[in-house]
């Protein structure tokens, strides 16, 4: 059976460890949030690029998973993240959308915000695998 | 004072949370490792793309930091990660190198291996900021 | 003196060779077009990825050039192009926008359309060089 | 019938217009060259990013085409180009290699040199389409 959007978040231990929350979703899009804590920071006190990129990637994977046939699975083939400014604040928000659906390749994009700042712009290629993983 | 390569790893809480280990480094390169645990996985039991990308990014930041003047700091401006195959195994290794040093922009690349598999190829633009962060 | 948006197009021989036309622009954005001819094609009869990428890159450079101080110049530091579907048709259109302005780095994005199809999504890092080139 | 590496170059009008020359190839790699002329330049007298990116892309497509089954075709799905320094000189050289072969996705990388300078580092995802185009 295809993994539901909720399961994409609930059954991923790394996502649970970091604390990302699935906020809302529809056909071709997902929104998530993260309450920031010291564990998310790098050596200068900013949110680690890896925390921002993981959020954009996983939210994008969720968005892609809303458009695949029963029995398919999504894997990230390639991702590009632009870090627009150093991120420091209370919480992150992310919205990911499918730019181009496809039978084998799905292009997604995502934006990440830290409080009121636009901190990340993301573009990725998701592979739709024709079997459960 | 410029942050040393050891400090880039020791003082980054997110890096400590995940468990990346600085293995070796020289002028323009850094090598790291990670013993895999359930917390690093996504919903299908593979290592999360975010764990692989964080490793490549942080190891690259370390490589860039070996080439900057006293008082400068490194921030990732942009990164691209290609996930070459699903990663499952005992441990990750990463080697990052500076492709092109520069006064304001440093291009780095990194490869990530899971046991004997080449699982990630990474290319990034690091910004060298002319002040401590 | 800073090169104007018109000069970014008129004084670039490669842009003249291919035939890109500056259609409109404002603060932080530029729109261009290209009437397609056999010279723009690859071996299967589709528009070459290089024609689509050059259009997105040059239009983005134009958009960035609307936001830089007198005496600065724009050079592309890094670009990512996603080719959403094979492009075949009469004409290309492109719109580029600045996602994040900056003193030294400007992040831009662009979309390329072939007739009614969305064929390319582009994200780039432009360097603002503090001198005429 | 699968297009041969020679045909990938000879039958692409855009490649002929620019003047790229197929120099050598083997299983998983291709090398090309380009004698520079005024038509390849941008508004500041440097080689246009589009000329460098087209070379890396087409050489990579050639490299991927050496590894696909009879009857398949290669299309670029996504490309990233890092422009390491402004390019000015007599000639360009490019070498592209397959980083990871695959049934549907092939990851390639390429380096572009202008005379003795390393001017471009490229990473791409090529789609292997199971039919002639």
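We call the chains A, B, C and D, going by the order they appear; numbering starts again at 1 in every chain.
Following the convention adopted for this analysis, a contact is a pair of C-beta atoms (placed from the backbone, for glycine too) under 8 Å apart; a residue touches a chain by one contact, two chains touch by 3 or more.
Not measured: the values here are computed from a predicted model.
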Could you give the fewest steps needed to travel from subunit B to subunit D through chains in contact? 1
Most distant chain from subunit C by Cα centroid: B
Per the centroid of Cα atoms for each chain, what is the distance between subunit A and subunit B, given in Å? 20
Nearest whole angstrom, what separates the Cα centre of subunit A from the Cα centre of subunit D? 31
Which whole number of Å gives the spacing of the CA centres of subunit A and subunit C? 28
For subunit C, jot down the residues that touch at least 2 other chains. 77-78, 80, 82, 107, 125
Pairwise touch network: line, ring, star, complete, or other: complete
Under the definition above, what is the set of subunit D residues touching subunit A in their complex? 77-78, 80, 104-105, 107, 125, 127
In the complex, go through subunit B and note every residue touching subunit A. 3, 7-8, 11-15, 17, 38-46, 48-51, 53-54, 57-58, 73, 75-83, 86, 133
Residue set of subunit A touching subunit C in the complex reads 80, 82, 84-85, 99-100, 107, 109, 118, 121, 123, 125
